[in-house]
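The two complexes that follow have chain A in common; it is paired with chain B in the first and with chain C in the second.
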Partner chain A sequence: MKIGIYPGCSLNGSARDYNESVFAIAKVFDIELVQIPDWNCCGATAAHNLNKELSLALPARILALAEQNGLDEVLVPCAACYSRLVVTQHELKVEPEIKNRIKKVIELDYRGTTKILNVIEWLDKYIIPGIEEKLVLPFKHKVACYYGCLLVRPNKVLNYDRSEDPQTMDEVMRKIGADPIYFPYKTECCGAGFSVSRTDIVSKLSGKIIEDAEHRGAEFMIVACPMCHSNLDMRRPDINQYFKTKFTLPILFVTQALGLAVGLSPKEVGLQRHFVPVNIDS
Partner chain B sequence: MARIGVFICHCGENISATVDCGRVAETIGKLKHVAYSTEYKYMCSDPGQTLIKDAIKEYKLTGIVVSACSPRMHEPTFRKAAAEAGLNPYLCEMANLREHCSWVHEKNDMTTEKAIDIVRILVEKVKINNALLPIKVPVTKTALVIGGGIAGIQSALDIANTGHKVILVERSPSIGGHMSQLSETFPTLDCSQCILTPRMVEVAQHPNITLYTYSEVESLDGFIGNFTVKIRKKARSIDEKDCTGCGLCTTKCPQKKIPNEFEEGMGFRPAIYTPFPQAVPNKPVIDREHCTYYIKGKCKVCEIVCPTKAIRFDQPDQILEIQIGAIVIATGFDIKRTDFFPEYGFGKYKDVIDGLQFERLASASGPTGGAILRPSDGVVPKNIVFVACAGSRDPAKGIAYCSKICCMYTAKHAMLYKHKVHEGKAHVFYMDIRSAGKNYDEFVRRAIEEDYVNYIRGRVSTIYECDGKLIVKGVDTLLGAQPLEIVADMVVLATAGVANSGAEELAQKLHVSYDSHKFFAEAHPKLKPVETNTAGIFLAGACQNPKDIPDSVSQASGAAVKVAALFSQNELTREPLVAFVNRCSPPLYSTCVGCFLCQSVCPYQAIEREEFKNRDGKTIKTVAKINEGLCQGCGTCVALCRSKSIDLHGYTNNQMYTEVMALLNVY
Partner chain C sequence: MSHSSHQIERNSLAFAIEKNVDVHTQKCYQCGKCSAGCPVATEMDMPPSYVMRLLQTENQAHDENILQSQSIWLCISCEMCLSRCPMEIDIPSMMDFLRQRSIKQKMVNPKAKNIVAFHKSFLNTIKYTGRLYELGLIIDYKRRSLNMLQDITLAPKMISRGKLHFIPEMIKGTPQISGIFKKTSKKEV
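The block that comes next holds the complex of A and B.
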């Protein structure tokens, strides 16, 4: 089984742990993840603020390359990259004129046939069906599933899960033995791109998310986005300072929790890279 | 030989400011067969009409073209004038020089040329117009009112009081509609039941009203003045004549935990029940879906206890067929329930309720006896939040319209709460306060100024539970767009008013139009708000769009007047501008080949079959025939007919062709 993967910038940088856990799981389930050759930046938050054409051309080029290399399905673990790719595919589908213009810009053929999978969709489709056999260490913990903003939005384009009260990650966690708590903050803003420029805003917003999860007895928070992870994990000292407290709630990528449940070691899923220490005692 | 008269109107300056009317009259006057051509300032005025009438007589005109405004405006006026001068009204045509020319163009020669063209083609048309006679159809003077809410009740009573028979069909076990659930009503805070129940009783006792509750319309055939309706009278499982309404059965039924619809799920009822104490008729019904006997085959406790032996387990549904002449649709509305709002908990928080649930809480006959107690634990909420526009005016939710009633009932709810819980705090999140109506804004001001309800202009983004409280996150857009969090004990969502369940199916059964939200559609948003575009079928109340009680009642009386006007005639006269299938002598009878494709496209089911038989009674040919009572003259069948056998009176193919040819200057 061969599936394309688009890592984007963060999976090779701040979210190497995410990358490692994705590849480690794929290996356990005999899935070959093929990087799209010569991939480029998805445009992130910058491109669509500056130049619409650029913001469509960048993802379109990635998708065109996937088509060219026969990758019918592409896993995009980063929620932000995922959003850019999905939105682009949608816009080019509904606006054939723009599509033709973009084709000229990227100098590649583009059909828009690639199936883009976010990490939850990927798990749901390829991992969960075979999970029972491989489940060696059920992840018996209370978890708060945090979806953030981009995984399930915009509604109009995605049509995936319910944007105000998503459930798919909770379902995946249940399948590996976890107990997802009632968590109203699951789609509240973490501060997103203010990670660098306004850490005070991130501290306040991310802090509230953590505070609520801890208050409700979560042992772990589960995420599926490198940006959320860095705000909730890497910015923890700022958060604790802002809230004048010591939040200890560890933040795991969904693939890390799943990796542990299928018997991968903490190191294999990159837990040692976290800023907030993760103590797995089970 | 045709002798046509042409009358050019200035419409004050509306036409003459851009069109050179004198030149039009002069040019047209030179055309062949035009016997008279003139201009005048106001043709529709009395002297204008006299001018036309005199000319018809003096010049022995065989047809006239009044060149003025839109025929929508004054065609009836001029046709009537023509008829008064002895000319068949359908030999009068109107050329629209205002909307089609003067209003949309600048003053110049081309505009006048265009005006001449418009008049010219109608001169050619009117030359070949046929005299037509109005169509007469008889009227059955019984009305059908569908839905027994306040609108249906009002319509039924008004029609019945004019001396005509009314059949009132209500699908639930009692009439009353949503108004029977309300506690007190804005803007006067009078008790809803107290003003409603006398009317319900009046309906039951009125000699001209036949009431069928627990019944639904099965099908409808026919046309204005001559409908046949089939009504399904669902089995009540009791004999209404024997039942005295003592209610003993309802106290002994072992099924006690069925969510009570009337209490909006905040109480329970047995399987044999009367929806509420003041129900009309006050006779119980067995809910077969939940009755132990129908589920398990035994029980029959009610049968044992009934003192008059009125229970009938084997009672079948009954289908009644009734002739009627007019219909009032008054099937009301519904509201979105809390489960429509994922951001407000998807219906899973017990203390987030909707407006009707609040009405039941506030009602003296409700599940709490009128005390405001929160559903989860029965505690009096100290801090209550009302969210207006929940779903309404929100295109993302698919409901772009304003539900109109919720601003008012939210103010009422906040007030009722403050009257009952003096020390409590009531907050209202709103987008705008829409309180247009007699004494309405004063009412809202009272809530704010006298009852100290805290109105916050802004929307609520999310509601969630934390430590047994509801956290309401919103924004105050008047105080510098500050995010705001209120820790509440209870939240009431003023959820959007939506079309009632089953509205779409009913509209299809009755062949009336409905809008994209499944509300019944009026024939014209301004000038025909009570009519549907099916003749003889009218609208009343919230089935058209969410409405409050005064609006529902006014419209209901309006609909009743329309029905009474219809019933004031013994025969109906209709415009003869309908389709006809040609006829010729045997053995052809008609060029129609009997494919009946036209039947499948006619939106009004106006095409019937006609059989021609020989002397032995054997059918030798079947052809299409138009029912003149039903045909609305849309012309769809004409365009479709492959053998060109159908044509439209007043707009025949030949007339249309003549107009086109005239425009191309072929004549």
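The block that comes next holds the complex of A and C.
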């Protein structure tokens, strides 16, 4: 079967480990992921901070291209891109006037019919139903499922029933044999786009999240967003310096954990690209 | 839609917010939940509930304080305030508007200049290639912020892990992207 994918810029660059694990899993489950042809950047935080219309036009072009190419369903693994696409689709739906203006800006037809899936929804729909027969190495570890901000908020648009204590990722992890811990920091912010411009804030916020997970005995933290991953993993030296300590908790993308559980090698899911070493001995 | 009988002063920032992003500042009853949950409230010169209160005064000096604050740039758009506000006040959208207004009126707080520089570098990179080119972003940001030495050891580690490309990917629709930037650049806020 075939479904669309919007990788977004991070998965194309600094989060290629995430990308590798998504595509590797899809292959195991015989799903062909088709990239939206000629996709552009969604504009991320910068666009909606500086220019509202731009922040709607960039995602609208992506969705218009998906429609044009007959991709009715599109997987968006990056939580930040996912948020921009869903929020844009929502805004253009409730504000027909803005929609018409944006159509003129992008010079493409736009209907707003694409079904946008985040990584958890994709796993839930296409992978988890067939997981039992493919599970060769259950991921028997204590994990802290970290959702961050953009998978669950704004809750009105995203329709998460439990925005303060979501369970969908915890459920997926249970299905592959893991033991998700109670984790009150699961929807706190990691510092998001401040990685470069305010590394001190990222160190503080991300450090608190890691500290709590380690304190509760997590062996791994599981994430679904490249921005969270880079703050928690790549920024670890900054975090450790800020907290004057040595946090060692490895950060895995949910697709990496799942990939290992269905028998993919650490390399096939990109673990060698991490900054914080990942030692899996089950 | 009118939520109170009070007529807002037409020259106030509160009026502009209502008109542009449909956020009704008078609905705030100062419960403080937004500031309690805001991850950066302790770094801010005025936490979100305080911004709300100042807006309610419809006082020009207060409006200027807000536009010159660090707070509007420290807000990371995490949406926690909105999800917890009992009055469902969309502070994140309001913050987007305030940032754009602050730039327009040349009131950006000098301490926020790195944050603004980063956003500008980001958009600048995608304007010319359609996709984010991370190395280009870092170089553009260093030029704008003059932080030449920052993260100097990070780049080689990213390269050895295959996480940083040397050549930008140009999409075919780059002219369309430039067109989108051009058409959206003159918007009034």
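Going forward, the second predicted complex is superposed on the first by the 281 of 282 C-alpha atoms of A that agree within 3 Å, B and C clash if a C-alpha of one lies under 4 Å from a C-alpha of the other, contacts with A are read in each partner's own complex, and residues count from 1 in each chain.
Following the convention adopted for this analysis, a residue touches a chain if its C-beta (ideal position, glycine included) is under 8 Å from a C-beta of that chain, and two chains touch if they have at least 3 such contacts.
As the structure is a prediction and not an experimental result, all values here were calculated from the model.
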Practice item. Mind telling me which of the two, chain B or chain C, contacts the most residues of chain A? Key: C
Practice item. Please indicate which partner A:278 is in contact with in the superposed arrangement: first for chain B, second for chain C, both, or neither. Key: neither
Practice item. Based on the superposed arrangement, let me know which partner A:39 touches: chain B (first), chain C (second), both, or neither? Key: second
Exercise for review: Tell me which partner A:98 touches in the superposition: chain B (first), chain C (second), both or neither.
Suggested key: neither
Review point. Which holds for A:196: it touches chain B only (first), chain C only (second), both, or neither?
Key: second
Exercise for review: Applying the touch criterion given at the start, work out whether A:184 contacts chain B, chain C, both or neither, answering first, second, both or neither.
Suggested key: first
Exercise for review: Could you say whether A:57 touches chain B, chain C, both of them, or neither, answering first, second, both or neither?
Suggested key: second
Check your understanding: With the two structures laid over each other on chain A, which partner does A:13 touch: chain B (first), chain C (second), both, or neither?
Key -> second
Review point. Taking the contacts chain A makes with chain B in one complex and with chain C in the other, which residues are shared?
Key: 155, 163-164, 188
Check your understanding: What does chain B use to touch chain A in their complex?
Key -> 341-343, 346, 396, 462, 464-466, 471
Check your understanding: Mind pulling up the chain A residues that touch chain C in the complex?
Key -> 9-10, 12-16, 38-41, 43-54, 57-58, 61, 104-107, 149-150, 152-156, 163-164, 187-189, 191-194, 196-199, 201, 205, 234, 272-275
Point to revise | chain C to chain A touching residues, read off their complex | key: 39-40, 43, 74, 76-80, 82-83, 88, 92, 96-97, 99-100, 103, 114-115, 117-120, 122-123, 126, 130-132, 134, 138, 141, 145, 150-151, 154, 157-158, 161-165, 169, 171-173, 176-177, 179-181, 183-185, 187, 189
**Study point:** Residues of chain A defined as touching chain B within the complex
**Key:** 155, 162-165, 182, 184-185, 188, 212, 215
